[in-house]
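Look at the two complexes coming up: chain A is in both, with chain B in one and chain C in the other.
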Partner chain A sequence: MIGVPLLIWTLIPVYHLFLFSISTKDSATSGHLWPVHPTLQNFEFVLWQKHFYLNYFWIQMWNSLFIAVMVGFLTLFISTFAAFAISRLKVRGGRTVLNLALFTYFIPAAFLAVPMYKTMGQYGLLDNQWALILAMITIASPYSIWVLKQASDKLPLELDEAARMDGATPMQLFRLVYLPLMVPSLVAVGTYSLLLAWNEYLYAFLLLSKENSFTVGVALGNFLSADDSPWELLMTTGLIYALPPAAIYYTFKRYMVSGLTAGAVKS
Partner chain B sequence: MNSSTSTAIGNTQKPVSRTSTTTQWEFWGRVMVVPYLLIFFIFVVYPVGYGLWLARHPDSYERLFEDPIFYRTLANTLFFLVVGINIKMVIALVLSGFFVQKRWWISILSMIFILPWALPSIPTILSVRFMLNPEWGVINTKIFQLTGADGPNWLNDPFLALCLAITMHIWKSLPFWTLILVAARLSIPLEQYEAASVDGATNWQKFKFITWPSMKTIYLTSTILSMIWTLGDFNSVYLLTGGGPADMTHVLATLGIRYLRLDQVDLAMASIVVALPFVLPLVFFMMKRLSK
Partner chain C sequence: MAEVAFRNIQKSYGKTKIIHGISFDIAEGEFVVLVGPSGCGKSTLLRMIAGLEEITEGEIRIDGRVVNDLDAKDRDIAMVFQSYALYPHMTVRENMGFSLRLRSENVELTDKRVREAAKILNLDSLLDRYPKELSGGQRQRVAMGRAIVRDPKVFLFDEPLSNLDAKLRVAMRAEIKSLHHRLKTTTVYVTHDQIEAMTMADKIVVMHDGVIEQMGTPLELFDEPNNLFVAQFIGSPSMNVVKGQVSSSPSGKLCVRVADAFWPIPENLGVSLGSDVFYGVRPTDMYLSTEDHGITAKVIVVEPTGAETELLLKVGEDQITLVVQGRVNLKPDESVFLNTNTEKIHLFDANTQIRIR
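Up next, the complex of A and B:
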């Protein structure tokens, strides 16, 4: 049967994360598949910031949240406007804008990171959370524009014509007709950008360098720099950090799967 | 605003009032693409241009080619893309046939299966890294308890470590590509399979004559897209092996960042420029495919 191995394969890293989080350090490093004395002590240490690695835990959670929400919101704003202009208003040069976006979509993320880092330095944004927010918008918006453009092409043109006949302005068409019809795709794209920003590691660790401006991801990476870090606390923090994206994903799953697979690769 | 367009369009429609609406629509259209264009020029065009300018000296390339790590990195990257991605896509193709079935437990399983894609890389990859720790990782401790022998030193063998990084990459991105291929399978009309069943076709024949012909384009596109993106996959290698042991498991994504952190940004850009002759044709192929 294909199901059981698949389940094990998928869950092993997650289970190991969980196992560490309910084990004492000695128990976690002695090969038990279930701790002899399960404990919630690690969670207490993390949530009450009782270790110097965790001094900024809640600030970092807030940073991750702030950055993710800003990226989700602004990406949605930028890409909905662009998709509407290209697909419904048929702005001249729209095709070109779409191609520019597609081109960006195909730049490998780590390749863009090098010049992006240098440029953010020139813009004076290094160490500023807006550097990360803007970088993540740059990465998230091409795909968002693409998905939204595909979705809005499917809306009947008669709607726009009727609105035009009635003398609606473009903004009225946008607010009263377009946005309500696009809700499922907007949810998909917003969630996608939010998760992308929350989960990002490379750009976050390049662009942020102060402990109190870190995202949780960067803070986790910093545990590694010491030889004898409290691994069980690292894993517990990691588990807590992984919960919100899982929850968000399952909440919006209905929208995400259809919305995102539809745009990813055109058949 | 250029009057020529508005009159040109205005001529085909009713006069005055229509002309002003067209202009108004064109005006708003332009305003609404401005935010994205600003992002594009400030955070894509300028950085890329500046990066290429930084990599303009032949001297940078000479130093890059003198770095023994560079050749190892090229070989690793090629292995990662050619072997890793193809294995992943074949598995995704097989799994898509499994997940396309409509049974209640398969839809539950598919919800769990998607988890790696939604979770952040850093906790899950570090979790695997700790499992593989030769002294106290759960795998080697279990091997010792069961056999009394020491387990392999997983991440200390360059080839094994690279294969494990590829495994990590597959773990993370397999769900996404499986979903894409499931969507492709769902668009094949069911009648074709029913007709084939009536004619007594075997499963293999159904795959060969119905499934594959209608999926091969999307399969190829997905493979190429996955290759392009995998070039930018920093996490799978960096978080699992850190490029080690002895910088033997770097791929281009991690090598560029390594040079960047050593303050050799011209080398970082040179290592990226070297990859462009390989990447750009793939990118243009994808753009032609998608913007039809």
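Up next, the complex of A and C:
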């Protein structure tokens, strides 16, 4: 029963977004539950870049995608190896590294933005997409390592021992036994870091300064800089921007299954 | 096939020493069972052979080569885990062929070896299934198959049957034994179940608190236990033990007196009158007599198992288990007269618990 009001509560803003995107500029804020003259004109404006706020829409879309995918991929790469080393190889000092990494979350990301900006400046990476990618990896990695470590602690240790007895090197163990069994967690962590980068505003706003290097998120923010913001276009762009994450979520959802280790050991 | 030698093996975790200098040899092709209560260090010893546990002190040699610093993967040993430890994302075929795949063995040979092993273990029809689709016994067989395929120098078994139900356990016991008979690979088998040890071993090593209490063939341990621990550990139901004093019976014969009961002992044992001893007698080395002759006992429980009957009796303050062939017509609280096969009894020093011969 609680679910029903919650669902409505969650869906109303999305519906509102949708309503905006199919309304004309004049009727956008009219307050109707369904526009008098629904139109797809807004989508045409956005997709064909017919407004000066949207001159770089497709480039910005590509930027968002490139950055998000790189962050997702590199975060996965780093955190999987880290979790494997800490949890399975029991590397000395592994726990300390994990705790130090988690410690960074004690400081709000917003406070780290300025130091991060200075650091990237020193590396000469300002207005370079890699600045944002590196920053997002820094933010996403500790949590990812922690989640993957927890998940891999649950894999039976006997599997590693069996593989070692079968003659596996640590890399073979990682590739042939560990990775296949970690797939659900890897998908979850990958999706998390990808979406984190996709939705990031503050760091993207700080580290990227040219319109053609923006992500869509930053570009959306710029809509608000005018006195007469084109709300219907802003909402339409927002709706389109929300589609890839939804697609990613539903594509990978089926991999996030439990019970992959069923039958491994007698429980 | 290989010999395995242990030279003064010790193991400590921090300051806690759990194995206190163990030395013994395993001959080529021998089936050795390490048995003892939980925490005696038997599994640790096995894991040290495997290379999964570091050796604090001493040497383990396989075929004369010291393997202390050799990684598990380089020891050419296969192990069957208590929990099976099958790779859940691989089929039975892939599980069994995994070690050969790691060695980059060619596909045809791998397939041939897997099929041979599958045939031995009756897994032919299950090769394309995943572990979760198998029953406990089948998983156990796959775990063994994985070991066989490799044709290793030594097989290690870590309590492989303890997760199976009683009936399956007996069947698998026979299967492992016949497998060893067929492959003749040196085998070290760890269990806490003395019946498994008795039925399967060429040689049993009884461990307790990190030391070897005794080793020998199953029947040697059964007939000639070195001390009270081994005497009570080996054999089921376990040996009856009462504490008493060496004295003379009213009829002038040497015996162990426990309160009002006189337990007869052979004349040729090196014991002196008045010394404190443990008197041990196996449940099968006693019999009931109908006349007024022997030790008076009271029946507590009668447990018929068909071919034989197990009786729980009370003698003074002690409870005594007796196994008689066939069936008996007795009820709880009835009085009976208990006699022992004097030649089969064991005496142990009350202080050292070592057997008096």
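Convention: the second predicted complex is superposed on the first by the 243 of 267 C-alpha atoms of A that agree within 3 Å, B and C clash if a C-alpha of one lies under 4 Å from a C-alpha of the other, contacts with A are read in each partner's own complex, and residues count from 1 in each chain.
As a convention for this text, a contact is a pair of C-beta atoms (placed from the backbone, for glycine too) under 8 Å apart; a residue touches a chain by one contact, two chains touch by 3 or more.
Just so it is clear, the structure is predicted and the values come from calculations on it, not from any experiment.
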Counting only touches as set out at the top, which of chain B and chain C does A:Met235 meet: first, second, both, neither?
first
With the two structures laid over each other on chain A, which partner does A:Met1 touch: chain B (first), chain C (second), both, or neither?
neither
Looking at A:Ala101, would you say it contacts chain B, chain C, both, or neither? Reply first, second, both or neither.
first
So, does A:Val177 touch the first partner chain B, the second partner chain C, both, or neither?
second
Does the superposition put A:Gly31 against chain B (first), chain C (second), both, or neither?
first
Quick one: classify A:Ala226 as touching chain B (first), chain C (second), both or neither.
neither
For A:Arg164, decide between first (touching chain B), second (touching chain C), both and neither.
both
Looking only at contacts as defined up top, I'd like to know whether chain B or chain C touches more of chain A.
B
From the superposed pair, tell me which chain A residues show up as contacts to chain B and also as contacts to chain C.
164, 167, 169, 261-262, 264-266
Could you list, by residue number, the parts of chain A that touch chain C in their complex?
156, 158-159, 161-169, 172, 176-177, 180-181, 259-266
Which residues of chain C touch chain A in the complex?
50-52, 71-74, 77-79, 81-89, 98-99, 102-103, 130-134, 136, 139, 146, 150, 163
In the complex, chain B touches chain A at residues 5, 21, 24-26, 28-33, 35-37, 39-40, 43-44, 46-48, 50-51, 54, 95, 98, 105-106, 109, 111-116, 118-128, 130-131, 136, 138, 141-142, 144-145, 171, 176, 179-180, 182-184, 187, 217-218, 221-222, 225, 228-235, 238-239, 252-254, 256-257, 260, 265, 268-269, 272, 275, 279, 282-283, 286-287, 289-292
Name, in rising order, each residue of chain A that touches chain B in their complex.
2-3, 6-7, 9-14, 16-17, 19-20, 29-31, 33, 77-79, 81-82, 84-86, 89-95, 97-104, 106-119, 122, 134-135, 137-138, 141, 145-146, 164, 167, 169-171, 195, 198-199, 201-202, 206, 217, 220-221, 224, 231, 234-235, 237-239, 241-242, 245-246, 248-250, 253, 257, 261-262, 264-267
